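Next up, some structures in structure tokens.
Both complexes below contain subunit A, partnered by subunit B and then by subunit C.
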Partner chain A sequence: MELFGIWVAAFLTLCIYSFLYRDNPFYRFAEHLFVGISVGYGIVIAIHQGVIPLAWEPLSEAVSALWTEITGETTPEIRSALWGLFKIIPIAFGLLFFARLSPRHNWLVRYPIAILIGFGAGIAIPNMLQANIFEQTRATIEPFGAIGPFVDVPPEARLSALDIFGAILMVIGVICTLTYFFFSVEHRGPINWLSKVGIAFLMIGFGAAFGNTVMGRLALMIHRVGFLINEWIGSFGALF
Partner chain B sequence: MTNSKSTLWVVACLVFFLCGTYAFSQEPAAPTNVTAKDTPNDDGSSITITWDAASEDSGVVGYKILRNSDAGEFEEIGKQLDANVTVYKDKTIIKGKTHAYIVRAVYDNETSMYSAQTAAVKAKGQWFHTGKVALFLAMLLFSAAILWNIYHARSGKEVFVRRIPGLEAVEEAIGRATEMGRSILYILGLGDVDNVATIASMTILGQVARRTADYETPLRVPCRDPVVLNVVREMVKTSYLDEGRPDAYNEDDIFFLTNEQFAYAAGVNGMMIREKPAAIFLQGQFYAESLLMAETGNSIGAIQIAGTDSEHQLPFFIAACDYTLIGEELYAATAYLSKDPLFLGSLRGQDWGKVVIFAGIIFGVSLEFFGINWITTLLQRVS
Partner chain C sequence: MKRQVPLALCFLFGIAMILTQFSPHSYSQAVYREVIVWGLIISPFALVLAVATLAQTHVSRIRFRSEHWQYSIVVFVGMITMVCVGVPFGPKNSVFEWLYDNVQVPMDATMFSLLAFFIASAAFRAFRARAFEATLLLIAAMIVMLGNVPVGDLFWNKLLSLIPGSDNPESWVNSFADGASRFRQWILDIPNGAARRGIILGVSLGVISQSIRIILGIERSYLGGGD
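Let's turn to the complex of A and B:
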């Protein structure tokens, strides 16, 4: 069985790699298989990690608690389980997505969409403000607390010459890059000059990220080629 | 003789005293000052227990927490904590019940000492997180700047927007696809509907759809997320309606492909190779699949306009696409394309925010240089 798995994996790997030559029936087969299996897998995951634990179980517990409450055998735990009935509200809003299937009622789908985008933006904006602005501004300013001549810093906390250079370069980079992203001001004179320096900083950063990621991708390819050579070709001996 | 006797007595007393002190210091002692309080600024799902640290030579090797519910039996909760821990946040409480705690100090000689029982505490949720007041004020100021600029733009005053080459190419790309009689492929990336880049991408798509409605150019949008699919269908449909071309709208052109990252990339690559779109838009949040798609689009000779705030994918788009919107240019795109006073005012408000950051950095650096660190303290408190 393990041998069969190795051969299937190797066959599909080669099918996908065949795209490097051109589109062909083998690539199409692997592509459709990959897409189909991933959709099926996604549905199963959504049911097991979403529908059952977040909707079905709490709701069925709440309904059975309600029944117990009606029949009179109640306890504080049963009363607390009754709160699960409120889950009907988000579930009902979620079910409105199915209104899309009816041409007469498909306008109803706007309600869950509005709620989702409202919640999403409401959660994302303060988090972005905190992580991308406050935190980064602090990190840019903070090293200067250990540089100034008027600051009493213990010797072990003093920055090296390279660290000081890095801190100054960071401030220059942040200010110039920020200038590039001014949209409502014409980029002329000093603003143009600063924004050009900002673009240079961005490109240096992108170049470093490019090299770093390419190395990571090459490692993935080496791993895959290693699989083909060691496990797949290595399995020839077991067959022949 | 008397002197030597006295000396012996003094030495004996001293030895006795030192031995006694040593023995006393080694005697296991129960944790002191144990308190249990409702954790502030949470949703009422935890209680925080604190106690005094034991001295380093006390022999304590760890602590265990015991809890009861509604004055019932005490039971141990969680794993053994390290000897240097003096705070424990119990996140496994039963909401609505009162809990009391005992801290058990575990000693290296396998003995244990139990603290006194704390007062019973009931966790309560708070409506407001008092630690986020500064963040809230910053948001209010930022929102006020945006609202003021929207008001200003709506009053008819012109708002300047600098040239963004990637967005000027949008018209060119759509025109090229129309002339060639081929489709436009719009890829929204892998972000969910609450992702800021995805929201920006959807608004750009709304503007692109207005043009394709005018020119009757087929617009194909494979989606990774079913919720994004629904939003995109609504937005594109609205654009076609606004342009007076509901007949040109084809719902089947906006479809769900798969939600698995590389299966999505494989499916999109297959579409590119077989349908050969004349223009490809890659706008939104992308991960490792970015280069796979951008490189395939490049190989078929399509004009490609990319835009993302994923800094690790930007280099690949810059290398493989004709135009790339870098980070915030993606957010500025809607204002740039639509020239709507609402978006233009919002864009100018954001620039005001950047001026504040700009000034804050220069001011903060100057203050830090002179040893005044109240700006970093304030930012740290917010973070």
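Let's turn to the complex of A and C:
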């Protein structure tokens, strides 16, 4: 089975690489199979890691607890399991997504969408404030707390000249990048200069991101070619 | 009913999430956890919309015998196989794991690795230093790429070894050893970090303002058209 798996993976890898020559039936087969398999995988994970543990199991436990409660045997555990009945509400809202399939009732799909949008917006505000605004601002300013001899820090914790240069450059970069995205004033005079420096920082950032992406993709390609040479061609010995 | 109730639901859930996150009271935290679970229960159902749209597209391709319609059958074969194996037997099932390890993962990695070839042609166009900004992009990308591979440091150290006195271990030249990877790290940490931080701050302020507009019902585009 392992050998068969290697051959299947090698066949699909070669099918996809055949696109480098030109679009062809092998590539189209692999591409469509990939879409189908990925969607199927997503469905299975959504059911087994979302619907079953979060909705189905608490609800079925609550229903059996309710039955026990009706028959008269009640304990604190049974009472707490009854809270699972409230899972009917999100399940009902979730089922409203199926209204999309009916042209007459498809407006009902707005209910679960509105809940998810409100839920996401409500989570985003405190999290964005905390993780992205306060923390990023703190991290930008924090190194200045370790610049001696003006502050009371042990000599070994003081920043080197290169670190101080980096900290100053970081503040300049952040301010200039933000200025570039600040459209409430016309970019003229000093604002224009700050925004031009911001563009320079952005270009270095994009270049670094591009370089990292190229290297990441190349690493993946090396891994796939390594698989073909070592595992697939290596498996020829077991066959012939 | 068709627009006011969704707006009210959006407001209630948004406000509930904000208030409960700021309040450390045990009841508030219990509500916070429960609302998160509600969101996690509702969101998988959204997959229904995605699968319905995908199925609709491919069914119509098969029905009308559009060009390459045969491949739409492959989409359904892949999807149904994974669902038939994974839903009743779970993702830990050996057949499901075999399909994941030998079909999905290799194709995923190969699809992304294919981009290495296309990114090379994109790089050729992007790296033509026609302006100061393009030159900066080119230099940063080159340094990051060279610093990522051992040959970068090898080349740098070879250049350093050409400086007179570099064979002395006490020489100042040796403090610049492995400069390619160190310079790459500096570029990633400082100029790239500053640009990313600026973008993150800008994006976060945008997300917060948009979230407030959504919760207050000013932004309603998610409701779609109609009455």
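Note that the second predicted complex is superposed on the first by the 237 of 240 C-alpha atoms of A that agree within 3 Å, B and C clash if a C-alpha of one lies under 4 Å from a C-alpha of the other, contacts with A are read in each partner's own complex, and residues count from 1 in each chain.
Going forward, contacts are C-beta pairs under 8 Å (C-beta built on N, C-alpha and C of every residue); 3 or more make two chains touch, one makes a residue touch a chain.
What you see is a predicted model; the values in this text were computed from it and never measured.
Asker: When the two structures are laid over each other on subunit A, do subunit B and subunit C clash or fit?
Answerer: clash
Asker: Looking at the overlay, what does A:Phe181 touch: subunit B (first), subunit C (second), both, or neither?
Answerer: The answer is both, since A:Phe181 touches subunit B and subunit C.
Asker: Examine A:Ile113 and indicate which partner it touches, taking first as subunit B and second as subunit C; both and neither are also allowed.
Answerer: both
Asker: Between subunit B (first) and subunit C (second), which, if any, makes contact with A:Tyr21: first, second, both or neither?
Answerer: A:Tyr21: touches no partner chain.
Asker: State whether A:Phe236 touches subunit B only (first), subunit C only (second), both chains, or neither.
Answerer: A:Phe236 contacts neither subunit B nor subunit C.
Asker: Under the stated touch criterion, which partner chain does A:Leu12 make contact with: subunit B (first), subunit C (second), both, or neither?
Answerer: Touch partner of A:Leu12: subunit C, not subunit B.
Asker: Applying the touch criterion given at the start, work out whether A:Pro76 contacts subunit B, subunit C, both or neither, answering first, second, both or neither.
Answerer: first
Asker: Quick one: subunit B or subunit C, who's touching more of subunit A?
Answerer: The partner that reaches more residues of subunit A in the superposed model: C.
Asker: Contact-wise, after the overlay, does A:Phe206 reach subunit B, subunit C, both or neither (first, second, both, neither)?
Answerer: The answer is both, since A:Phe206 touches subunit B and subunit C.
Asker: With the two complexes superposed on chain A, say which partner A:Ile89 touches: subunit B (first), subunit C (second), both, or neither.
Answerer: In the superposition, A:Ile89 contacts subunit C only.
Asker: First (subunit B), second (subunit C), both or neither: which does A:Ser38 touch?
Answerer: both
Asker: Clash with subunit C: which of subunit B's stretches 73-81, 109-117 or 127-135?
Answerer: 127-135
Asker: Identify the overlap between the subunit B-contacting and the subunit C-contacting residues of subunit A.
Answerer: Common to the two interfaces on subunit A: residues 16, 19, 28, 30-31, 34-35, 37-39, 41-42, 97, 100, 109-110, 113, 116-117, 119-121, 123-126, 128-129, 133, 137, 140, 171, 174-175, 178, 181, 202, 205-207, 209-210, 213, 217.
Asker: Sort out for me which residues of subunit B touch subunit A in the complex.
Answerer: 95-96, 132, 135, 138-139, 142, 159-162, 164, 192-196, 199, 226-227, 230-231, 233-234, 257-260, 262-264, 266-267, 269-270, 273-274, 288, 291, 311-312, 314-316, 318-319, 326-329, 332, 335-336, 347-348, 350-351, 354, 357-358, 360-362, 364-365, 368-371, 373, 375-376, 379-380, 382-383
Asker: In the complex of these two chains, what residues of subunit A are touching subunit C?
Answerer: So the residues of subunit A touching subunit C come out as 1, 5-6, 8-9, 12-13, 16-17, 19-20, 28-51, 54-55, 86-87, 89-91, 93-95, 97-98, 100-101, 107, 109-129, 132-133, 136-137, 139-140, 166, 169-178, 180-181, 198-215, 217-218, 220-221, 223-224, 227.
Asker: In the complex formed with subunit A, which residues of subunit C make contact?
Answerer: The touching residues are 2-3, 5-7, 9-18, 21-22, 34-52, 54, 68, 71-72, 74-83, 86-87, 90-91, 96, 98-104, 106-117, 119-120, 123, 126, 132-134, 136-145, 148-149, 186-205, 207-208, 210-212, 214-215, 222-224, 226.
Asker: Where on subunit A is subunit B touching in the complex?
Answerer: Subunit A reaches subunit B through residues 16, 19, 23, 27-28, 30-31, 34-35, 37-39, 41-42, 76, 80, 97, 100, 109-110, 113, 116-117, 119-121, 123-126, 128-130, 133-135, 137-138, 140-142, 144-145, 147-148, 150-152, 171, 174-175, 178-179, 181-187, 202, 205-207, 209-210, 213, 217.
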